[in-house]
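Here the structure comes first, spelled out in C-alpha cells, and everything after it is commentary.
Letters A, B, C and D mark the chains as written, and numbering starts fresh at 1 in each.
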Amino acid sequence: MKKLLSLLIASTLIIGSLTACSGGQDKPSTGNGDAKEVKIGINYELTGDVASYGNASVDGILMAFDEINAAGGINGMQIVPVKIDNKSDSAEATSVATRLMTQEGVVASLGPATSGNFMATIPVAMGSKIPVISASATADKGVTTDDKGNVNDFVFRLCFNDSFQGVTMANFASGNLSAKKAVIIKDNSSDYGKGLAENFRATFEAAGGTIVAEEGYVGKDKDFNAILTKIKGQEFDVIFIPGYYQEAGLIIKQARDLGIKAPVLGADGFDSPVLLELAGPEALNDVYFSNHYSSLDQDPKVQDFIAAYKAKNNVDPNAFNALGYDLGQYIADAIKRANSTDPVAIKDALADTKGFAGVTGTFDMGEDHNPIKSAVVIGLENGVQKTSVKVDPK
Amino acid sequence: MRVLSKKNIITLLLIVAVFAVVQVLISVKIINSFYEITLATICINIILAVSLNLVTGFTGQFSLGHAGFMSIGAYVCALISMNTDSTLGFIFGILAGAVAAAIVGVIIGIPTLRLKGDYLAIATLGMAEIIRVLFLNMEITNGAAGLSGIPRNTNWTWLFIFLMATIILINNFIRSSHGRACISIREDEIAAESMGVNTTKYKVMAFALGAFFAGIAGGLYASYFYFIKPNVFGFMKSVDVLVIVVLGGLGSISGSVIAAILLAVLTTFLQQFTEIRMIIYALLLVAIMLFRPQGLLGTKEITDMFKSNKNTEKIE
Amino acid sequence: MPLLSVERLTKSFGGLTAVSNVNMYIDKGELIGLIGPNGAGKTTLFNLLTGVYTPTTGSIKLDLNGNIKELGGIKPYDVTASGLARTFQNIRLFKDLTVLDNIRIAMHKNIGYKMPSALFRSNKFYEEEDRLKIEAEKLMDIFSLTHKKNELAKNLPYGEQRHLEIVRAMATKPVLLLLDEPAAGMNPNETAELTKTIAKIRKEFDLTVLLIEHDMSLVMKICERIYVLNYGMMIASGLPQEVRSNKKVIESYLGEDLSDASNKKS
Amino acid sequence: MEQFLQQMVNGISLGSIYALIALGYTMVYGIIKLINFAHGDVYMIGAYIGFAATTFAKLGFFPALIIAMLASAALGILIEKVAYKPLRNSTKIAVLITAIGMSFLLEYVMMFFVGAEVRSYPKVLSDASFNLGNVVINMQQIYIVVTAIVLMIILQYIINKTKIGKAMRAVSADKDAAQLMGIQVDTTISFTFAIGSALAGAGGVLVGIYYNSIDPLMGMMPGLKAFVAAVFGGIGSIPGAMIGGLSIGIMETLVSGYGNSMYRDAFVFAILIVILIIKPAGILGKNTKEKV
C-alpha cells in the first residue's frame, strides 16, 4: 500500500517533469541564428498587486520596439519581444527569467518593474550570463551590486536609486523650501516607499530638520483621512510622500480637503497623469517631486515622445511609460553598438554606454551599473508642471 | 526493527530510484534549469499542500492561514542561513524555522481552534495577515523591501529529502492512532469527544504539525528563490495551497501530490498566455469545482484504487 | 456508595429549565431504565452525565472502588476516560470510515505509544497496533461484525449501525454504558436481537447499563429499576411493576394504559 | 477633542462603506452559509458600471447609481446561478473555492478589458465641505452615510415586513422546511443575491465618487474587511452588519489616528480574532449550539 503510494508519487513526479520537458524541446538558440531577428525577454508584472506598473512599463518598451522595427530593426534584425507575466510574484519572476534565458533564447531580459522582483532574477542572469535591465528597480542595495559591494556584471538599471531621490528631495525641502519640520507618509507595502523614506529622513535630519511624524499606508488604500487628521494637529513645514501616484493623488486631495496647506514632496512615483485625475487641479499646488525629465523640457526627443505616446494611447505618458520606452531604446542601442547578439558582448556594450540620450535624460552608464544622470525637481501649479530645477548627481 | 519490513524496504528503494532518475536527468540537462525551478516549485507546493491537508483534509479544520506559517519558516531560515552560509546553517535554519512555525501554530491554535468552519477560516486568515504585517514592520526582516541575497544551499537532493520526509511522516501520522483521532474529529466532533478523543489536543497537534511542515516549505522556498518579502506570503498564497488540497481531494495525500504537479504544469503552460492566464486559471478552478467538487481523488488514496480492484477480482 | 450518584442536578438554558433537581443512583451491575415522554429531558440528562453539557448546579459522582470522581462539568473525553461510554439517539458513527476504524478510534485512549513513535514507526507502534487490531477483532466477533470490518459505516444496514454504536462504546472499556434509545426505529426482530445483545455484554463485560427509552416495551422487559422523567423532573422511580402502576407516570403518558403503550412500536 | 470628533467623522464615513458591503455579505451568508468571496468584486464591477454611466453616458449621480445597482443585481444572480447553485449540496469548501475562482475571474476579466491602471470618476456630486468648529465635513461623506442608513432601513423593512423577506428568513432558518412550506427556495436565494449585489454595486459607485479612484483589484481588501465587519456584528444580522461596518471603520481610524498606522490592519484582524473567541456569534448574532 505504501509501496504503491510512493510508486505513484514517483511516477507522477517523473511524468510531471517529463511533460514539463516536452513542452520546450524547441532548442534555445541564443542569438546568432540566421540573424534576421533578435529575441528580447520581457519579464513584467502584468497581473497581481503591481500590475499597473508592469503594464505601463511594457507599453513603453513595446512602443520603442515598434518604432525600431518599423525603422528597419537593429542592423537589419527585427526585435521579437518575448513577453511573460510574473504575477507580481518574486518566485515567479525567477522562474520566468530562467525560462526566458534557458528556454526562449533571449539575448537580454527587461524588467521586472519593482526592486524585489527584479532582485529575484539577478542570480539567474548572473548564472546564465545574460543581461537583465530594469527601468524602475530603485533599491539601493542588492540590485546592481551584491551585499559585499561587488558589481553584478549582468545587471543594469536606468533609474535613480532611492538614496539619490531621497537625498535630493530632503535637500530640496531644507534648501529651496527652508523647511525645518517634515512629516513622512510612506507606502509601507513597497520597497520603494521604504527606501525613499529612510534616505529622506537621514538627509533631512542631518541638515538640522526634524521628522515630526512618520505614518504608513499600504498600496490600494483609499482612505487616508485618519492619518491626515492626526498630523493636522501637529506643526510641520512639508509633507514627504514616498509612494506611487495612485495613493499619493488621493492623499494630496484628502489633505487639501482637510485644510492641510503645507507643500507636498514626492519622487518619480508621482509622475503620472493619473495624479492630476485623482487629486484634481485645485489640490495640486505647492507639490514638488523629483523626476527624470520634465514635460516642460523643449528637447524634441521629449516632446516627440509625449506627442507620439499621446497619439497612440490618448493619455499623457507616466514615468513608467517613459522609462520603459528608454529601456527599449537603450537595449536596442547596445545591441547595435555591440553589433552582435552575443549576450556577453551586449553586456559590455550596455556597460560601455556614454551619452545615451533618452527621454528620461542623457546619461553615461556608471561603473556600478547605475546611470549617471541628473534629476529635475518639478513644481506643480494647478496640476500643471510650472517649474523645474535640475539637480546633478554628486 | 519492524519498520524495516520487506515492503518498506522496497518502498525505500523505489524512492531512491526516483531520486536517482531525476538526478541523472538533471545532470545530463534533460531537465534544464527552468524545469528544475518548476520541479522545486512542485516539491515546495506538495509539502505545503500535504501539510495543509493534514489540518483541513484529515482533521477537518478549515485554515486560510497556511502562508503565515510558511512565512515564519522562510524568514527564520533566511536569517539564519544569511548569517551562517553553510549546509549545516541551512539545515539548522530549516529546522529552526519549522519549530518556530509549530510553536506559533500551538499558540494560535489553542484559542482559535475552538472556532468552527468559516469562522475558523476567517480567524486563521486574520492570523496570517497579522504575521505578515509584523514582518512588514520589523527591522530584522527589512520590511517591505524583503530579504535578498539568501544563499541557495538547497538543491534537488535537499528538496527531495524534505519532500519525502514530509510525505512519509504525515502518512505515518495519519495511519496511527493519533491520526485516526484527528480523522474522527473531521467525521463527527461530538462523537469523537464522546469516544474519549481529546479534540482540542488533537486539533492543536494537527495544526502544529501542519505548521511545522509549512515552515519547512517556507525555509526551502527562501533558500531556493534567494529572495523573500512579506507580500509573497499573503492571502493569495494560502489560497493557492488550499486550491491544491481541494483539487486533489480533501483527505488524500496522493491527491495533493498529483494536484500540485498538475497545477505546476498548468501554470508553466499558461505562462505564455500572458493576458488571459489568470482568466483561464479562474475558469478552470470554477469548472473543476462544478464538475468534480470532491476533488480528483476524494478522500481516497491512489493506492486504494488498485486495492479495491484486487478485492473485486478475488471475489469474482 | 453506588457506582454513580446524581444529586440535585439542574440544567437551565436561559430561562428554560431542562433538567431540574434530579437525584438518582446506579449500583454496580444494575441495568437501569430512564423513561419519560418526548421532551422530558432524558437526552439532556444524558448529555449532562457525559460531559456534553455543564450542569447549572448539582453533582455527578462516580465511585470506582472507593475512588470518587466528580463528573459534572468535565469534558466528554475525560468522562469517557473515567469509564462512562455512550451511544447516540440519532446515530453518530464516523460514517465515512470503516467498521474497524470506528472501533479503533474508540480504543484511542488506551493506546500505548506517543506521537514520535507514530511518526517514526517504532517497534512499540507496531506492537500496539497489533494489539489494537486483535482487541478490535475480538469485539467484532462478539457482535458478529467481523466479516464487515472493512465496510464503511454508512453502508451498514440500520440495525447493524445501531450495533456498531454499541460496539464502539464498548471499545472504550467502560464500567457504565449509557444507551440513548438503542431500539429507536427498529422492527420487533431487531429489537429482540438487541435485547439479547445487551444481556450478553452485561454478562461478558461485567457492565452496568443505563438505558433511555421513549417507548417502554424494552425497558419493562429487561430493566431492573426504572427512573421516570417528565418536564425535567424525576417523577417516579422503582421496580418496573411499581412504575407501571404509578399514577403520576400514567398521567404523564396522557392517561394511556401502559400495557397498551408497551405494545405499541414507535 | 476636535481631533477626536474629526476622526469620528472619518471613521463613520469609512465605516459606512464597509457596512454597505457587509450588508450583502451578511445576507448571502445568512441564507446559504457561503463566504461569497466574489462579493468584493461585484462591488468593483458596480464601481466600473457607475464610472461608465457617468463618464461615457454622462449621466448624473442617481441614474448612475440605479444603473449600477441593477447591473450588479443581475451579475449577482448570474454568479449564483452559474457557480453556486449547482454546488448547493456539495461540501462547503468546494463552494468556497468556487467563490474564490469567481472572484479571480471577475478581477481578471475586468483587468483584461479596462487595464490595471486606476481610473477616476467625473465630479457628479458636490465635494464642497463645511466646517463645524474645526471639524471639516465633506458633503460626500454625508451622502455616503445617509445612503448607507437609508439602504439599511429599506433592507430591514424588506426582510421584516414583506413576503419575500419572510421567505428569506424562512430559507435562512431551514431550507428544507421552507421548501416543504411552499417557499420557492431558488427564487428566494436569487433574490437575496440580487439585493446583496445591488448594495455592493451602490457601495462601488459611492466609493468611486467619494475617493475618486477605482481599479480592478479594489474589491479584495474592502471585501475582506467587510466580511470581518459582518462577522464582528453578527453574521446574518442586518443591524449587525451596520454596527460591524461602523465599528471596523472607527477602529481603523482610531488605530491610525492615535496608534500606529502601520499596524492598522493587524489590529483589525486581532480584534476580529478576539471577538470570535469571546463571542463567536458576533455582537448581535445568536449563539447556536449543535444539537446532540
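The working rule: a contact is a pair of C-beta atoms (placed from the backbone, for glycine too) under 8 Å apart; a residue touches a chain by one contact, two chains touch by 3 or more.
Quantities reported herein were computed from a predicted structural model and do not represent experimental measurements.
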**Message:** When contacts are scored as defined above, which chain pair ends up with more C-beta pairs, A-B or B-D?
**Reply:** A-B
**Asked** From the centre of subunit A, which chain's CA centre is farthest?
**Response** C
**Asked** What chain lies closest to the overall centre, CA atoms only?
**Response** B
**Prompt:** Where the centres are mean C-alpha positions, what is the separation of subunit A from subunit B, in Å?
**Reply:** 34
**Interchain centroid distance [CA atoms averaged], subunit A/subunit C, Å** = 71
**Message:** So the centre of each chain is just the mean of its C-alpha atoms; given that, what is the distance between subunit C and subunit D in Å?
**Reply:** 48
**Prompt:** Taking each chain's centre as the mean position of its Cα atoms, how many Å separate subunit B from subunit D?
**Reply:** 33
**Prompt:** Which subunit D residues sit where two or more other chains touch them?
**Reply:** 108, 111, 220, 262, 265, 292
**Prompt:** Got the subunit C residues that touch at least 2 other chains?
**Reply:** 52, 88
**Prompt:** Do you know which subunit B residues sit against two or more other chains?
**Reply:** 136-137, 190, 275, 278
**Prompt:** What residues on subunit D touch subunit B, complex-wise?
**Reply:** 29, 33, 35, 83, 86-87, 90-98, 100-105, 107-109, 111-112, 220, 224, 227-228, 231, 262-263, 265-266, 269-270, 272-273, 276-277, 280, 290, 292
**Message:** So in the complex, the part of subunit A that touches subunit D is made up of which residues?
**Reply:** 46-47, 49, 51-52, 54-56, 188, 215-218, 220, 222-223, 225-227, 229-230, 232-233, 246, 249-250, 253, 257-259, 274, 277-278, 280
**Fill in**
In the complex, the residues of subunit D that touch subunit A are 3, 6-7, 10-11, 13-14, 108, 111, 115-120, 123, 127, 129, 136, 138, 207, 211-213, 215, 217-218, 220-221, 252-258, 261-262, 265
**Prompt:** Which bits of subunit B are touching subunit A when the two form their complex?
**Reply:** 7-8, 10-11, 14-15, 17-18, 21-22, 25, 30-35, 37-39, 41-42, 136-137, 143-146, 148-149, 152, 167, 171, 221, 225-229, 231-232, 253-254, 257-258, 261-262, 264-265, 268-269, 271-272, 274-275, 277-278, 301-303, 306-307
**Complete:** The residues of subunit B that touch subunit C in their complex are 1-3, 169, 172-173, 176-181, 183-184, 187-188, 190-199, 205, 299
